[in-house]
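One chain, chain A, links the two complexes that follow: it is found with chain B in the first and with chain C in the second.
Up next is the complex of A and B:
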């Protein structure tokens, strides 16, 4: 490669550059790479966290393959990812379009409102929503009653039918703002001339949104979808605070299941197996989606 | 190998030399981090220094959460402290099985020391017929009720389970919640199942599993106990969405007078300290269950902490002196006064120190109890606890059949043997 026509920095500069990269490299090696490798190694052992680990070969992986709770939890993660694409990414793009193209005079104010949940810690948001969902003094049931929809009142987080949807709603609320922010920046970068031309041709907001905005910000859509999927597959804190995976594991996701296996049942080896599987599946899922979206981009090269 | 050696050396350096030389005792405890805890241990150690100036103590305090790991590591590396704080049940049991605990029976027999403890509390630090630690404090689960609310509505404290259910129906009819329950974290509902199992079958069922008793079983009564809890839930005697509510939220309902009763531990006294005007805390025993085979006076009560001596301790006589001092009525009464918790030393939980409510439980319920049965969820192996928690939540929300839950729990306990 060094013989290519590209400019190659003099030796001294390369050394300096590597030197500057070294701290980051060390941090990643110690806090990211080592734990992943260690978890992979640990997944071949049975270990209660205190005594010496026992080598069990592929036992943990075989157990994982037939563990209905794990697969159900993973299914919920995938469902969360699917809803995130609609309720977080697509909705955020729609909101960003409205803010930039339809009501630009209040866009800053609204952008701030959407960003508030992003700035607050997830634990606080979770605790806040626990109060909103409280069956007795929560805002959700009180609003339903005030609207004459009293028959809809229920114990949202304690009912195995509604616990998981209730958590998904909070997730969408929490992360929507981040995508709105990212999309507002992208939509602002779309050349004004395109919209002017469309307006002359008599295109309405619907056409302008789908035929101009979406293709023009496709790179941002792709990146945000990927972010949403990765975030959905590793989600933990909101579920942990809101339902702790309950009732009877009706809202269990992979991370909360991993946490319980490791820190309630003290099955560190199995927890490592779950974590290792989670990382591999997340990486594979993200890769596939990314490749697919790239092709879907079609002839809209800018 | 070289890495391992380095690691062991590091651990050894971190721990320091825990075993002190003769005339000196190392003492580890977990009374740190909380004002009431530090107040107690400072009082006790100052008094000990005055009473026994010849015994030098090398004291290492730690916070409860960090303490377990710290002691485990010290025990595993074969470098235990001479005298130390420990939890009863499986935690202590592991040390006993490893031959690391000094049996206290001979010392307890001297001068009636052993007779100063509640027998049933001492039973929880006894393994294979030998006492390996002395119990300190004990938490009991009882029914709490809002006395003012009961007086206002003319309700009476139920004596039997049928009366309890009838009362619940009546309370529900008047638009209030019969029983507050916030079961998000799964432990609050365990008191219901365990008390029913204790009344129907008898105490010691889970303890038998933990002690590797071949005949240990929860069946067939566990199915009935689960079914009764499910029935209460299905009839709407618990708050709406209780499986998603926290214990604190349930407490709000109870303290605000929206719920009439609450089955909870003696820590409820502390939780009720900031109750609004008009709330009056009182308690009653879990009622008798007609036809139940268990001793109907049994109380669900677990020893929360204990003190033990290491088998390796060089100076056992001084170590015993320290234990006897720590569990003397004077020190234990001070413990009750500072921490508002019942202690296992008889008559040390005085009315002046405990306050009227706790004293009533300690002097009435606990004294007349046939047995004290420790909390199932902390007594059983951690893996079984998870099965216990999820099946109970499932039974309560109707998604798991009582008999399936009973079998799942039994299997989990058998697997842990």
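Up next is the complex of A and C:
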């Protein structure tokens, strides 16, 4: 930074900036960055967490490459992300449009209700949904019976065919509100005049939604999609409390698998490998999606 | 969803009630009821006795009894868990607010070329799942003698919440006019003086906003407390709650009362500080 770029004392400002950033830098370096580097280092060792670690070279990575449970778990994280884009991001945009453009008189109240599950701990939410899914007296089964679909009744979380979809349903109910909030703010920022013109042209809500709202809030769509993907890869507590990855690892995700490897089987080196591989894949995935959305946007308007 | 026939040009901001309005209202109302039903159900179920609960799990209570709350409070260590959560929440929130205010200010006010790199690293840190750091953090905390202590939970929790909190603070500080700082600089005020005497006094509402969302996040956090704390006497509420539920599997109203007790603090915060919380979520997430 040369003094030509600023009128006043940029050198003093740079030093001040560094000082202001220092506490954040120290905390993030010690508790976020260093652990990730350390995870990379630990992935070359076999270690039970107590005795001395044994260097095993690339054994952990080779094991990971052929570990069907890891890849299936990762696949479920990606599936969660895909459903989140539809059941959370897209649905939230649709709800936000309705709240802002069609029923604005209830938008504040409804937004409040949508945000309630966002505020409550996932542990509480998971415990409550265990009642809804209960095989003996759960409301899900009771509703099916009432609708004459009694043959569909089952122990949703205990059945390996339905455990994972059941968890995904809880997730979409739980996190939806955050995206409704973000989209309500974005949809409100769309200039009224655009809708007025469309209205005069006789465009219905369907047309207005897809030809005005969606392109106008595309930045928010992109940001929220990224947010949903990142959130889906982070997911832990809801799965932990609903199924703990079971039955028979039918709803295992990367986080629960890592947790079990590290703190039930005490394979710390392998748990670190799972985490380290996940971070690399997360980064790559986010990058690709981000680029793709950027290009998709450049394609339909400029 | 094609409903064009029903919408006529509205005159001014006042909209006419059309069939579309009614249909949309009905569908959204049904959906909202589904979203909040579990919370409504847990609230009225805690008023039942266990016998009444077992007779009809989903029906409204016929009696009004607070026994479940008494049972929940006296039947376990919820009070202890709540105090532990409170300490960890207070510690992590205070630390996060102070650190994020300083850094958010730097990000908004100073623009040396490397600041873009700082922003990028913070966004990367936001994307990192906490469980990736789990095993190394256990080693780190054990070596530092912080495993199974509240401080051992506070420090990593704050570190993981700091990046998003920085962006919320930055979103506030960028709204301040630059002239404010330039004028003070011309008067010879030092950089820290400007922060202390000009920025800080008007930053309290933003700091409070960051504090409220962090309180909720930390209170609800599960991963770090469940891994880093073993002693029952030091467990936090969400972790203790999972133990409690396992021990009270036979008395549902008591179990539900415990769940409600754990859920109530963030909901109270949300009711009172809805505006701050929503603005924080917007300020932190609108960053791309």
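The criterion applied here is as follows: the second predicted complex is superposed on the first by the 289 of 302 C-alpha atoms of A that agree within 3 Å, B and C clash if a C-alpha of one lies under 4 Å from a C-alpha of the other, contacts with A are read in each partner's own complex, and residues count from 1 in each chain.
In this text, a residue touches a chain if its C-beta (ideal position, glycine included) is under 8 Å from a C-beta of that chain, and two chains touch if they have at least 3 such contacts.
This is a predicted model, so every value here is computed, not measured.
Of the two partner chains placed by superposition, A:284 touches none, neither chain B nor chain C. Between chain B and chain C, C touches the greater number of residues of chain A.
In the superposed pair of complexes, A:249 makes contact with chain B only, with no contact to chain C. By the touch criterion defined above, A:159 reaches chain B but does not reach chain C. Within the superposed three-chain model, A:62 lies out of touch with both chain B and chain C [touch as defined at top].
Contacts of A:86 after superposition: neither chain B nor chain C is touched. Of the two partner chains, neither chain B nor chain C is touched by A:149. When the two complexes are laid over each other on chain A, chain A has residues 137 in contact with both chain B and chain C. The part of chain A that touches chain C in the complex is made up of residues 1, 7-10, 12-17, 19-21, 23-24, 27-28, 30-36, 38-39, 42, 49, 95, 98-99, 102-104, 106, 110-117, 119-125, 127-129, 131-132, 137, 139, 142, 173, 176-178, 181-182, 185, 199-200, 202-207, 209, 219-220, 222-224, 226-227, 230, 233-234, 236-237, 240-241, 254-255, 258-259, 262-263, 268, 271-272, 275-276, 278-279, 282-283, 286.
Residues 1-5, 7, 9-10, 15, 20-21, 24-25, 28, 31-32, 34-36, 38-39, 41-42, 57-58, 95, 98-100, 102-103, 105-107, 109-110, 112-113, 115, 118, 122, 124-140, 155-156, 158-160, 162-163, 166, 182, 185-186, 190-192, 195, 216, 219-220, 222-223, 227, 237-238, 241-242, 245, 259-260, 262-263, 266-267, 269-270, 274, 277-278, 281-282, 285-288 of chain C are the ones touching chain A in the complex. The residues of chain B lying in touch with chain A in their complex are 69, 72-73, 76, 183-186, 239-246, 249, 252-253, 258, 382-383, 385-386, 390-391, 393-394, 396-397, 399-400. Only residues 50-51, 130, 133-137, 153-160, 163, 242-244, 246-250, 260, 264-267 of chain A touch chain B when the two sit together in their complex.
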